[in-house]
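Right after this note come the structures.
One chain, chain A, links the two complexes that follow: it is found with chain B in the first and with chain C in the second.
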Partner chain A sequence: MDEILKISGLTVHYHSDGQVVHAINDLSLSLRKGEVLGLVGETGAGKTTLALSSLNMIQAPQGRVVAGTIEFEGRDVRALSRSDIQKIRGKDIAMIFQDPMTALNPLISVGEQIAETVRRHEKCTQNKAWARADEMLEMVGIPADRADEYPHQFSGGMKQRVVIAIALACNPKLLLADEPTTALDVTIQAQVLDMMSSLIRKSDTSVLFITHDLGIVAENCNKVATMYAGEIVEFGTVEQVFGAPRHPYTIGLFNSLPDFDVVSSRLKPIPGLMPDPTCLPEGCYFSPRCPDATDLCRSAHPVDLIEDGHLVKCHHPGSAKEVVA
Partner chain B sequence: MRSHESSESKTTRALRRFGRNARQFWRRFSRNKLAVASLGLVLAFALVAVLADVLYSYDFVTSNSPENAFLKPGAMGSVTFHNLTFDHRFLLGSDNYGRDILGRAIHGARLSMVIGFVSVAIGLAVGGILGLLAGYKGGWFDTIIMRIADVLLAVPTILLSIAIVAALGNSFFNLLVAISASLIPGYIRIVQASIIQVKNQEYIEAARCIGASDLRIVFKHVLANISGPLIVQSTLNVGASILWASALSFLGLGVLPPTPEWGGMLSEAREFIQYAPYTLFVPGIAIVLIVLAYNLIGDGLRDALDPKLKQ
Partner chain C sequence: MSERPILEVTGLKKYFDVPQGRLHAVDDVTFSIREGETLGMVGESGCGKSTTGRLLVRLHEATGGTVLFDGQDVTRADKHQTHALRARMQMIFQDPYSSINPRHTVATIIGEPLEIFGRVHGAEELEDRVRTLMETVGLADRLYDAYPHELDGGRRQRIGLARALALEPSFIVCDEPVSALDVSIQAQILNLLQDLQEQFGLTYLFITHDLSVVKHISDEIAIMYLGQIVEKGPTRELFQRPLHPYGQALLSAIPIPKVGARRERIILRSEVSSPVNPKPGCRFAPRCIHAREECLGEVPLREVSPGRFVACRRAEEL
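Take a look at the complex of A and B:
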């Protein structure tokens, strides 16, 4: 049993103003022990919702898990009692939030915020928890004597490192990193990523790494999943997906990256916008934007095609070669 | 290298942090000289209120001696009290029943302080808990609580207090109830609004994410973050409830005579405004000073606690 997280048939809806937002649609995904899975997709594809549902943190009454199961180490997180799930949150599954500016309580010193997590999950004295907090701060490259300072006394990059220290304080088995570097500038991004990957390697943690940045995925992950309109449209190892992407959306993502070998003045974006999640198109959700869409795409929803562990949800996959060229 | 934190216990660290925060707070607060002066004034009033029994005996300031009526400030009078006759200097004069005005004002300060703090404490506790539940839970509970608060807020505060005292009858306890009750809807509103603002912050979600329980989130993360506006509001409310208590007593709905109360003293003295105006000055000025002082402290606290003004 080396699957640490197994999501099957997950469907999540948000209700707002009498409309139903289809945030996640019949999504299945599994993550093995020690794997780092990069989850890419544009804003609104449901990436954060996916991460939150693994913690059973979809907020009622607006959000509701309509169908599906989420198993963490073989246990269904939705069936757990409130106190059991609270024991898992922060201890076995930890989350790194996107925006370090708002993810820390402004009135509590950073050391205490780390110590709080430790105290919550490990039976130890205050002094032990604080010692651990100091240790974690040093580990993420912040001098321990700043533990008594408050979030506003830290820079953005340092705050994000504090957030990471909180997430890693209890040696989680699964880390949900929700765009941990999006709010940071590029030089700090590199520092934070280096630090994260070395910490992850040391502790053998499985990671769900949510990001917009394909470069980060290539460097840090073993597996990639592309998400579009609440579905995983392509899934495989980094070699498979980056070497020969098969879904037109993934291909479009690669095409929209600047190519430094060719001098060109314009990028090639994917035309159109994500479909409105309150009324998804019939057939393939990507068909309105897809350059290769046929009548079949517009009428029937594609099924998962799996070839050698490389999954693609498309009627006409494999027009990959032209991208790489 | 990392010697200091291992040798230092959590308690010393917390104390050090507290000391530093207190110093920072005081530095910001003390920039406002008026607020500091007001704080001094309130402390002086509080000290006088605590020492009231030492300065003047309660029985002395509540018993009549008609022969000493309307003595000018500083005049000597001969008082017979508990079968003892002695000379007494009426520093701020005497009222129509020949009672020492200064003594009555000092005992009145005690009453005002008690009313100010107790009614705010009750209002804050009841309104705070209701607002907290309404804001954090949301849903139908929120709707019901908030609509009741809206209805109560639609009635002018003083009318609400008058109605409550009129319904329950005159007594010190009922006065407290009336004033606290009229403070409650305001607190419900302010707490509910602040909680809704705070509970959607990402750090609350983050706290839930590290496995904190609802109770812990409310008390450790939410409450601390709304304490600023609550402290300011409460300071202002202490002043306001002292004023209301005086107003109700002035209308004859507060504490019963001969209990010394500033509003009551004013009410009794107003008949003699032409003959002996000094009988009005003492309670009147006392009310003005204490209410003004609380308002200025409230302003000072607002400036000192508002994170937007932090350096």
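Take a look at the complex of A and C:
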């Protein structure tokens, strides 16, 4: 198989104040080589936890992977020794964090922060590492003569470019991009996305693109997964999911957005709130907010229905389809 | 809708003295809002949109210019007049976490303005009014004695809204009221804001960086860049045909959540220049692909067709 990342039956819990937070619940997902998978969902859906799991970075003792496997190129990342996983982190799998203000070390120059990653993984000389740092800065659109400057001397958009340069410095096979442009202004976001997608295309990197912005997914991804309460509730190509969403939650997300082309006076929000992850509802987790929920939904947990590669976790995806029309 | 502007802002300026010189946060801004309408103010971080909002309700002292609210100049009002004006002009803030006191209960927070302005007599009337306000903004009655930390962002924003509505104002500055919220909750709050506007005939200045949101909620839109309004007009016309090169780039940068909807995107070079000691002339010129020598001169906001204002010398030819 050409799967680069394969997650099966992943369950992650956080323990806090004697309660168990069910962050990821029996989740399976796979990402093929060269794919850009958009992972969408609202705050608390478990998107970041999923990305951190892929790097085996769930922090004990609060966080615990309770079940499941995460395979990167056929190797179970959880079974790797500490030194083996460290060889993968930053080299084969890189991560871009949401907040460029906190992702960089304020006391180290940006050039050194890129060179550090290169030195660590490529076993090369200081000069070579620095040459690579200069090259990466130019690639993300920052003049190399600014390599000696410190993070505070850069604007938010420039800092995020540096974070991206660090992530891509060792030509990763898999990039985990966690809301990489959320903290940026829209014209700067356009610059950064434009640059990112051309770099990704050139290097043939696979990407897990976490975002809450459906517009970014439509324009930058080829696959999309919707997450709700620690589960993937819908998965498919961007054409499938955006063309005819089948899960009521995905449909609700689309309806909540002001439509850019049509003038309408009212939005159609999803009623209610995300369930408390320490006490998930019986049956389908979305049933308390779902306009189409039946007794079945409130008692039995739905299984994955797959048609043409379009997955939906819902008892009544047919009825959902009618809602769209 | 009435044609009468309830708010008229003329030549409004706010400068801050910083070690590097003088920061022109708001620089000669002029606009008006008709009663019962919404003016959407958009622009990127640091363009002066929040400072403008704060100047209107006098949370900042203006460096120059006037803000006429119902004929009265807010910037020159004395202490008593300002106090009275505050009852009629309210503000809701971006961050529903830091804008309400974590040590007070929901009831105390919403009831505080009523007590300060002596609008209620006795504990019973206060409780009645608070419960009515909670119902108006969709807060469950059981949350009366709850503390903010027990509530999510959407509910906290409802508290901020109830507090703003307590004194029955006619004008509310909404400073990024939904930016911190998830989309499904954002839609709930936007609908609520529209319902309240209809119910109480409210006038809004809606400040946001989210162009889809501003398009949805505004009658008119003003685009700000580095302390100045560069373009203004009725929402639909402005979105159909932005006239200012910055407006064009900004609108083209919005990702549309539809497959194949991607339009020709104008990628701007470099970043916003510094608002400290700005040079005369068009402030967008250093990033503008159409900039010419003439753009270094004065570029006033001018009316190019009825209701359509633009601050660009070359707007007609582009």
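FYI, the second predicted complex is superposed on the first by the 314 of 325 C-alpha atoms of A that agree within 3 Å, B and C clash if a C-alpha of one lies under 4 Å from a C-alpha of the other, contacts with A are read in each partner's own complex, and residues count from 1 in each chain.
Assume a contact is a pair of C-beta atoms (placed from the backbone, for glycine too) under 8 Å apart; a residue touches a chain by one contact, two chains touch by 3 or more.
Only a predicted model underlies this, so the values are computations on that prediction, with no experimental measurement involved.
**Student:** Where does A:145 make contact in the superposed view: on chain B (first), on chain C (second), on both, or on neither?
**Tutor:** Touch partner of A:145: chain B, not chain C.
**Student:** Considering only the touch criterion stated at the top, classify A:305 as touching first (chain B), second (chain C), both, or neither.
**Tutor:** Touch partners of A:305: none, neither chain B nor chain C.
**Student:** Where does A:66 make contact in the superposed view: on chain B (first), on chain C (second), on both, or on neither?
**Tutor:** Neither partner.
**Student:** Please work out whether A:260 is in contact with chain B alone, chain C alone, both, or neither, and reply first, second, both or neither.
**Tutor:** second
**Student:** Based on the superposed arrangement, let me know which partner A:106 touches: chain B (first), chain C (second), both, or neither?
**Tutor:** In the superposition, A:106 contacts chain B only.
**Student:** Is A:124 touching anything from chain B or chain C once the two structures are fitted on A? First, second, both or neither.
**Tutor:** neither
**Student:** If you look only at chain A, which of its residues touch chain B in the complex?
**Tutor:** Those residues of chain A that touch chain B are 55, 57, 61, 83, 86-91, 94-95, 97, 99, 102-109, 116-117, 120-121, 126-127, 130-131, 134, 138, 144-145, 147-148, 152, 163, 166.
**Student:** Using the touch rule from the top, collect the residues of chain A that touch chain C in their complex.
**Tutor:** 42-43, 155-158, 185-191, 193-194, 212-219, 238-239, 242-243, 252-258, 260, 263-271, 273
**Student:** Inside the complex, what are the residues of chain B that reach chain A?
**Tutor:** Touching chain A from chain B are residues 2, 4-6, 9-10, 13, 16-17, 20, 139, 201-203, 205-213, 220-221, 224-225, 307, 310.
**Student:** Spell out the residues on chain C that touch chain A in their complex, using ranges where they run on.
**Tutor:** Going through chain C, the ones touching chain A are 44-45, 152, 154, 182-188, 190-191, 194, 209, 211-213, 215-216, 236, 249-250, 252-259, 261-262, 265, 267-268, 271.
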